[in-house]
Amino acid sequence: MTAALFAEQLLNGIQLGVMLFLIASGLTLVFGIMNFINLAHGSLYMAGGFVAAIVYRYTGSFALAVLVAVPAAAAIGVVMERLVLRRFYGRGHLDQVLVTFALILIMNEGTRMIFGPAPLLIGLPAMLSGSVEILPGVGYPIFRLTILLAGLLVAGLLYLIIMKTRLGMWVRAGASNRPMASAMGVNVPVIFSLLFAVGAALAGLAGIMAGPILSVQVGMGEPILILALVVTVIGGIGSIRGAFIAAVMVGVVDTFGRVLLTPALGSMAIFILMAAILTFRPKGLFPVHG
Amino acid sequence: MTHDVLDIAGLNKWFGGLRATNDIMLSVREGEIHAIIGPNGAGKTTLLSQIQGLLRPDDGYIKLDGEDITYEPAHKRARRGIARSFQITSLISEFPVITNAALGVQARLGHSFRFWKQAGSDLELLEPALEALRLVGLDRRAGSLVRDLSHGERRQLELAIALAQKPRLLLLDEPMAGMGRQDTSRMISLIAGLKGQYSIILIEHDMDAVFTLADRISVLVAGHVIKTGTPEQIRNDADVRAAYLGH
Amino acid sequence: MADITAFSTSRKDALAAVALIAMLALVPPAAWLLHDPFLVKVATRIVIFSLAAIAINLVLGYGGLVSLCHAGLFGIGGYVVGIAAFHVSEPIHLGPLVLGGSSDLAITLPLAMLVSGLMAMAVGAISLRTSGPYFIMITLAFNQMFYYAAIALQKYGGEDGLQILSTITLFGVDVGNRYRFYYVALAVLALATLLLGRAIGSRFGLILRAAAENETRVVVVGVQPWAYRLVAFTASGVLTGLAGALLAASQQFISPVDMAWDRSGDLVVMAVLGGIATFWGPILGAATFIALELMLSSWTQHWQLVFGLIILAIVVGLRGGLVDLLRLIMPKPAGKTT
């Protein structure tokens, strides 16, 4: 592998990692605080992609697509939480798996009913197409670089909110000590809804970013959800820092796996990584719960 | 001097900055009831959990019959004969009463990788289980479901499971907690009936019960044993009165 | 006095299981009378998925472990049968050693059970160190790993799946005949149901079930649940692999689609649909699932939407699965209240 190819793949890996982090951060917080396993989180990623693709089709504006799709994903997340998921916080994990599995079927098939089975495309705005020279003689697509930077920015912002603000303090306290979350004297249901909305918005954002690279289609949420679950498990449930480190790790390993091995064998690389890490650290790299 | 079943020295346990167990020294003699009393938060349950192996001490040692078990996992200690009845009952509510008791029998019969014979008609399990239920006066309820038991009966079942293990050392964590007067006096006579046959650590807030039942009493304050002695010695000890009994 | 043997498998449960198997045994004569061989094809699927559903229920209903890697184990069993049959025409040369393939079920079914059992043991050994949501996510990830592994098998069809071209036999007897194969599969299901019915009422079952409800209680009487869970998980994997092997043999085809993670979800749904509190409930669940799938898909191409709504309704409303519904419909024995 040449240095140029290596640099390009490394950037691709980090970019995938950043996108995974956007999805996994919502998952890990919802998990950590509500002890809730949401398999339908991938549907929010899909929702973001679809709304963006539709807005883009009718307006031709990528910026507008982002501006509409992110709040839309958040809104869908909140509706999901208020209408259905809220009743399942106290229930066992089996019920949670079943109900979110049902939601996946409903969301996927509902989307297919409305938009049909053909993939939708999101075009690139002129200013984001083309490439820049990252090393002498090595070009890299501007759009991918934008995703990377935007993702890092969001990750940094999220980190600041979680680590430095009062809201973040509540969230952290909730993630490390569940009974305390309810005893904090704050309006817990509101915090939960808010958390869900933020998680959904981030997943939706990831869906939009994926649009121009992959395509927007029914069922796009599940493979990425599983990668995000792997990230969550490796990082340690409830840990934002763990999710970030694990996301970048998974992104890089997955990208290089596919380049160095066959695509199918490469896809197995991260699962082997996960198995190896969990063998030594069953609670992930940064366990939050004692 | 009688043989010590349990021997603890220099035991320490920190929770963050809090020293929940502070240099504890404790012994239980063969066949005695050794009560541990102390105000709420003195670290009584923390101590029991360390003896049982659910919590790891930070230093010190715990010996059972002279053998060091400080870092042995809980299930191995249970096989050595440490049994506990929990303060908050810990039962299998899906099972009938007798099957809960059978759980205590089953572990000491060796491994349970037996897949064909039905446990529900296995006399090797049921007879000792029924015997344990009889000891605590719960044999008439053998076929009931745990969820149909009263609070007092659940506490009796807790004790029955522990007895079914034929324990070397019995840890009783507030066996009278939350019981009415009638149930309490029944439990007192029940424990009195066990006296001499088992070595027992008894944690209890009911002072009448403690002074009736105990051969020796240790007073635990802020994670430290400030005094060990006979009920008579403890009752008349000035330090204990000052620190705990408050009169 | 109440029944002190209530813990173990009751006569009523045994009767229910026998009745279900007997009803399934009557399908071929019925199909013959109605001149509708399609019925046997559907019933074969029901029998095979019943086997997988009772197998997953050993860990799900009795072990309290939500596993999402069972489609992977199912597919592994299927691929063992497929690959063994593939090499009938193309023996493997290992140096001087020549390994011929086989499409005789007397050889390939035990082989499928062995391989899927070993895989289940490996997955279990890692996953069972964790619990709750971790366990669910890790098994889901392992399912995905098996799925990609199957796609990576370029020699055996890769993404397109693997056709079985040689005749399926059992001890040399051709069982390509739909009716004959059906009774082989049903006999396997009956045997597995019997074994599971015994196991859950045994000492082993007692530990497994007690640990599912209250792990600490089991530990403090002196039993480490891990080994018991691993045995249950492995046994469940063996039977699930066996079901996959039967599916591959019956449709003479196996593909990565049969291993996709949502198929694991389907298996969980089948078990829950029938009721996870009994060992025979999942048979009812698998039958209902497959019948529903057939009916809904002939009614609308968007049947998955309806199916999702049905699952939602069941989880919200019917906690004990169809077994509960039966109890609601059937008259209650006197003196008992629900």
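A, B and C label the chains in the order they appear, each numbered from 1.
What we mean here is this: a contact is a pair of C-beta atoms (placed from the backbone, for glycine too) under 8 Å apart; a residue touches a chain by one contact, two chains touch by 3 or more.
Just so we're clear, the structure is a prediction, and the values are computed from it rather than from any experiment.
K.L.:
Between the chains shown, work out who touches whom and classify the graph as line, ring, star, complete or other.
P.N.:
line
K.L.:
So which chain ends up closest to the centre of the protein, judged by Cα positions averaged per chain?
P.N.:
C
K.L.:
Quick one: report the Å distance separating chain A from chain B, using the average Cα coordinate of each chain.
P.N.:
49
K.L.:
Take the average of all CA coordinates in chain B, do the same for chain C, and state the distance between these two points in whole angstrom.
P.N.:
Centre-to-centre distance between chain B and chain C: 43 Å.
K.L.:
Where the centres are mean C-alpha positions, what is the separation of chain A from chain C, in Å?
P.N.:
For chain A versus chain C, the centre distance works out to 32 Å.
K.L.:
Considering the complex alone, what residue numbers of chain C touch chain B?
P.N.:
Of all residues in chain C, those touching chain B are 1-9, 195, 198-199, 201-207, 209-210, 213-214, 216-224, 228, 231.
K.L.:
Mind pulling up the chain B residues that touch chain C in the complex?
P.N.:
Of all residues in chain B, those touching chain C are 52, 54, 73-76, 78-79, 83-84, 90-96, 98-99, 102-104, 106-108, 112-122, 125-126, 130, 140, 142-145, 161, 165.
K.L.:
Tell me, which parts of chain A touch chain C in their complex?
P.N.:
31, 35, 37, 84, 87, 93-95, 97-99, 101-106, 108-110, 112-113, 222-223, 226, 229-230, 232-233, 237, 262, 264-265, 267-268, 271-272, 274-275, 278-279, 282-284
K.L.:
Name, in rising order, each residue of chain C that touches chain A in their complex.
P.N.:
Contacts found on chain C: 60, 66, 68, 126, 129-130, 132-134, 136-138, 140-142, 144-145, 148-149, 151-152, 154, 158, 261-262, 265, 268-269, 272, 302-305, 307-309, 311-312, 314-316.
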